[in-house]
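Reviewing the structure listed below.
Per-chain numbering from 1; labels A, B and C assigned in written order.
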């Protein structure tokens, strides 16, 4: 479908069964060369049904095998991998196929430092690291075993990168940033830039030097072009398992709780705390110094200006309309308090007339 | 005006007429050294009237020549280029002046690979390409004839860049990305980073490897800092002639139809399809799995959460107000359903009294 | 607290007093090794009280010294720096501690051009500049005395950077961009990319070459990933002392007045003028061709679609609610004009009955 892979990996269902720890129904020797959607799959592909509303696509699906919930096993004749969580099993299978391809980075020879990289003699590189062309690693930085740094990335003074992390090309880490193990940082991300702090002296903004740093836990992913600012005095903290999409902005001294997911283009202003297992939709803005408890979900493009202490689903914003109609409603909205007052006046008028209220 | 150009190109009106394919009125030998607005123009400048509401500026304009609609030709005494589309003619003239300057990139000698670039021996470079300092081009990448790659850009494994494309400095293409001919990609853009896909297993987010790629058609422009994610299984597709402004985010598996324009800071969540000839204003958010038909215009900062099947102009959001007034209206809005119910109650009260309704 | 600084600077209160130009109360020989919040401070730390609502934290604070307003001097027993603007004094102190650390960039030896940098022989470098690894500086660029350019940054043809400016790694300046003195540009920022201008010819978008440039005044700071586009004909201008946070987008031909502050993720569409001493909150969108007067404050995530001629605080948007309630209100809002009409009908009904109105 993508035409971009020279050599495609392949597995038998038996091999997949073993790697993914799920049983096979049907011919274990079926050979699988790739993953595909129910609609897009052809011979040699493995597909999956994660969402019941696509169940009617099963009959027409041309995949050689399916990842299926055991309850549906009887409804199909093709070989299956049976999983109580077909979507999770698909995710794990996708990793297997990705790992079987070439590395997404080509840093010259594997497990090597490219000749064009500039690595400080005061930096420390673990075993089996791969450092790409034109990478810069400054004094005191520590790169954990098996970590890979893509071309053009800059690792500032005294950064620490845990084992088996992957930085794509053109990532920038300012000095003193700590990453856990197995972190993935996408291109254009900037971690540890100055928080936005100034003291206004009546004439001009006096810069507040940002003396803290940034700490990311294990298994954090940061999307392309996202920024996480360093703290003013203490560190900005992103806990383990947090997944951050592209173009997200995390202000200084924020704390993002473990396993929270932040979708693209969202922003947290300074010193805000987001709990664990939250889901922040795309384009959401959260103002500074707020606290969101665990398991809060905020829908896309909402504006959060107050703390949230109860788990649940929250939203703001207005619905899209044809622009003429929108404009009339928007103008009326700008006088809504007045409209409300007029309704109250009418109600008082009625209640004066109402014999039950007029005694 | 800008002081940044050492040598300014110049053309006679006759030369411009030939290049732009529009007739001259007046002295063909008039020499033009630059373009300027009606207000900013001085001797030697060519200006233009594209918007009738600036017509009253014509009389005071000091330009040496004008691009003008033939209907207005009689109203001015300076030499003119007559065009039924003065704005398009201005656009073409601007390209002419830009082309007469030095290349926006200085990759050492033209048509060369800078000595500091790291180009895989398995990559293929077309004729007359220009590869800047510190560029990295990985295995299997194909760069079309006449394309120019700015300093520090990274072209991943198996990328394909069509002829005469221009990548400004510090662009990142992940592996397997395809660009058409005459594409322009601005600095900081990231094309082909992982789509944001995870399967939640009840404890943590399991990464879904993104096995698709990104395909851009001919004449696509992508602004500074914009991101277009690779597909999960199939490719993310941006069709020919699409123009994308800065800091735009296109999620995995989106399809953007030909000649659509997306203004700055807008975002399309995953698997959304936008039709042809749409105009997406700045800061717009479009949630995932939607479909917008051709010729939809969405005004700035609107939130699109449902598919649109009818061409037209759409909006959401509320009007700016002095904050105290805004706050009162916003609080009233948060009880709007209740207000609506109270109005219905009042109406029922009235209708009970109304002799026409009370029979 | 951050663990990222190998050698911590230290000062006596007497030294700080002299540097910060504020008097000491108490033991001048008290040695200070760092700054901390009232809550986080321990022995050796200097803390500060800038916001009266934290005054109750004073008693439990373990700092060795405080920056305090003279009016509160009698309330504490620890040594103090007395300042009528404690927050400004804290800001200056933070700069002092930051300056005492190593440079945030490690460009090899100080005051040097790293061997891997590619600097045009037609570029001009001032005294004591520091040019990092893999930097590219093109023809005609002028770098002022004492300026530092971080690794991987690209300085286009004919750029001018004033004295003592600091560009962090991976910044891109297109050709002809001018920066004043003491500017700070954070990683991933792109200054001078093409403004987003096209003339639609009925079939396709014809590119309008952007022939202007970008001019930044003295003491401008530009955040990580922010973009400031070059002008179409005239320059885009950011005046002295403007502070721009991360991921901000400034369209072509905007003018941002001196000392204005623009918070993260905000965007100005083309040709908009923002006055002096404005504060634009985070995530704000301002459409094109508007004019905001001096001293306008716009709250976070507001949409500005009309010019503002009166200083003050402005807002738009709706309040966050539990999603079910939000949805009902949003649907009701989409019929608000109708609701308003119904209220008018009710009022007219009442006024018909009202003996005072019925004469």
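As a working rule, a residue touches a chain if its C-beta (ideal position, glycine included) is under 8 Å from a C-beta of that chain, and two chains touch if they have at least 3 such contacts.
Worth saying up front: this structure is predicted, and the values here are computed from it rather than measured.
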| Classification of the chain A:chain C interface as same or different, half of numbers criterion | different
| query | Roughly how far apart in rotation are chain A and chain B when fitted on CA atoms, stated in degrees to the nearest 5? | reply | 120
| query | Roughly how far is chain A from chain C, going centre to centre by Cα mean, in whole Å? | reply | 25
| query | By residue number and range, which residues of chain B touch two or more other chains? | reply | 116, 134, 152, 170, 188, 225, 247, 265, 317-319, 321, 333, 336, 339, 343, 346
| Considering the complex alone, what residue numbers of chain C touch chain A? | 1-6, 34-37, 40, 50, 85, 87-88, 90-92, 94-95, 97-99, 102, 104, 106, 114, 116, 132-134, 150-152, 168-170, 184, 186-188, 219, 221, 223-225, 241, 243, 245-247, 259, 261, 263-265, 282-283, 300-301, 317-324, 326-327, 330-331, 333-337, 339-340, 343, 346-347, 350
| task | Write out the stretch or stretches of chain A touching chain C in their complex. | result | 116, 118, 120, 134, 136, 138-140, 152, 154, 156-158, 170, 172, 174-178, 188, 190, 193-194, 196-201, 203-213, 225, 227, 229, 231-235, 247, 249, 251, 265, 267, 269, 285, 287, 298-299, 302-306, 308, 312-319, 321, 325, 328-329, 332-333, 336, 339, 342-343, 346, 349
